[in-house]
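Below are structures written as structure tokens.
The same chain A turns up in both complexes below, where it pairs with chain B and then with chain C.
And then the complex of A and B:
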């Protein structure tokens, strides 16, 4: 009951944030609404019993990504960057040209096809649902990361290290 | 698994009486207890934050051989109430070119971020609102909302001083999060848990059981945490975001009245929270020196006193540091974080891991004792 209420609240927060991101014209406000949406997703994870993933979501997105986005937006124009282009309904900016829409619809088709595969197996997942009591996922997650998924873990850490070194090389002062 | 204040109170007899009124497993009762407890937490934290401003002025006066506020109430104790009334009755000015929505949102974000951390602050073994099993991680994650509030406050004011202050604040808070998180991780590794309740209960007993004296690396981790926490809460000598000699007052230059009050209150409560966390992670938390049953209600209040006492002692040190050291330069601030604290914290983390493997998690006292 309580979890259902929280789930619905989080879902509404996520969808509302996403809709506001699309409809608002000020890009700084968009970033803040994106924050709402991301916190809503963290809430969804929490209600599904994935406590560690939920907190990681807040850590990575609220503490890192959104602040970086705001920084990037501010340093490249900030609130002056208001899109004047409108779509047919006059509600939202058009956001791109024909090519964007072709690519987006392609991605959309792929997304829907993969989601259908997931939805097919929905019956199996619902059997796994626990009796509402939370179990700590931290230990299990840690063991899985260093046992079964060690390759993915290492590859992503090398990728992040590469990004870090690359950023340092780009940002370092040039020798004249 | 997650111990909460409701599950603690459920063991007492008066709880059965409440259950009779509200019915078995009542959602309403749980919500009500949480609401009351959260209200009490927020009210007490706000009072501590308010008294923090008084303590700041009084201690600074002491250090500079002045008297400090001494007119309102005994020893000027009610000064913070007078200030609060003054702030609420002040005119709420907003700059013409400000971003209205973000201008209103920024102080709220700061305050929400700080109040959300109170949910896991281990005030005693029973009265902690909720002892999440990812408590430490949650606290670090949710407190980054404060950085966002500082940044948005600086941006929305549309003033050059606020802008510079906000940018400094955001970059400083993001940067210092890394050494702080790494040093907390060293303690998480030592305790083998991310839940505050578990970490604190492992330090039960005499002073030698505190994690700060567990091994040389955790000793170092405490100081990294403390310096980093000072920088994260924008306290001097790291108060670059509100450097009054260059930026007027930084990100809250354009704020008046209670909106400025929210920023100030958030800062003082955050200082209390980071002191409380330092006390819980390194200095034994709410544990009494002797073993006692936690089921007795007065013991809980003694535990609260112990934790708050430790936190306030650290609070004093933070204020003391503020009025003793000069402010850092921006590039020095960044080089301290990235060139000194972060490498030391990484070394520290690896050292803790090696210690845990090499000595099977024994503390230095246990090893010397044999």
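And then the complex of A and C:
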């Protein structure tokens, strides 16, 4: 019962936040709606029994990435823009050229075909129920990270160091 | 009600909305928000499959690494945005034409 309630609340929060990110004109409000969407995804992780991933999601995204986004918005003015390119008749803003539209329709066809495959198997997927047994995953995740996935763990630390140094070098103020 | 299908549907809705944000918005920061939505849709799929199909924790590990890579990507992307703003005084995506041709 509580699980169903949490699932419904998280799903509504996630989808509504994402739709509002798309439709809100003010970029600052978009960042705040992204935050609600990410909290909803953390709730969905909780309904899946992934406690450590849910907590990491809240700490890294809500505490880090969204704050970084808000700082970037504040440093760059925070305006929302419309497209500057015009179509052939000059009536409405457009984007891309003929090649872009050909590629986009190709991608759309592939997307629809893969989703037809997904929807065909939807009945089969909905038979897979949550077995409702929730145990703490922290201990096992820690052992997996330092045993089986130690190489990926070390590579991600090097990646984070490189990203930090790269971000500091790219964004530093330069004198002409 | 809580089945694999419902998680897959939520994930695909998130993915499509992220794609639409990336295409429709003209602010570079808004495009980064769309990338975050798409990465989260992928991570949600990994965790859902690891709960319902494989019954081990490899999907959780994958989701954790997706979160790490998304954080690094956001840091570097926002540094590029701020540098772009210093050079061009705007962050309209149509102004980013220096590497064209």
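Convention: the second predicted complex is superposed on the first by the 112 of 176 C-alpha atoms of A that agree within 3 Å, B and C clash if a C-alpha of one lies under 4 Å from a C-alpha of the other, contacts with A are read in each partner's own complex, and residues count from 1 in each chain.
As a convention for this text, a contact is a pair of C-beta atoms (placed from the backbone, for glycine too) under 8 Å apart; a residue touches a chain by one contact, two chains touch by 3 or more.
As the structure is a prediction and not an experimental result, all values here were calculated from the model.
Look at A:9: by the touch rule set out above, it reaches neither chain B nor chain C.
By the touch criterion defined above, A:52 reaches both chain B and chain C. Contact with chain B, but none with chain C, is seen for A:74 once the two complexes are overlaid on the shared chain. Legend: residue contacts after superposition of the two complexes on their common chain; A:64 is shown touching both chain B and chain C. The larger set of touched chain A residues comes from C, when the choice is between chain B and chain C.
Once the two complexes are laid over each other on the shared chain, residue contacts for A:18 go to chain C alone; chain B is not touched. Residue overlap on chain A between the chain B contacts of one complex and the chain C contacts of the other covers 52, 56, 64, 71, 79.
Residues 1-2, 27, 30, 99, 101-102, 105, 132-134, 137-138, 140-142, 144-145, 147-148, 151-152, 155, 167, 170, 174, 177, 194 of chain B are the ones touching chain A in the complex. Here chain C touches chain A in the complex through residues 1-8, 10, 12-14, 17-18, 20-21, 23-27, 29-30, 32-34, 36-37, 40, 43-44, 47-48, 51-53, 57-58, 60-61, 63-65, 67-76, 78-83, 85-86, 90-94, going by the rule given at the top. By the touch criterion stated above, chain A contacts chain C in their complex at residues 3-4, 7, 11, 14-15, 18-19, 21-22, 27, 30-31, 34, 37-38, 41, 44-45, 47-50, 52-53, 56-57, 60-61, 64-65, 68-69, 71-73, 75-77, 79-85, 95, 115, 118, 122, 125-130, 137, 140-141, 144-145, 149, 152, 156, 159-160, 162-164, 166-168, 170-171, 173-174. Contact residues on chain A toward chain B in their complex (touch as defined above): 1-2, 26, 28-29, 32, 35, 51-52, 55-56, 58-59, 62-64, 66-67, 70-71, 74, 78-79, 133-136, 138.
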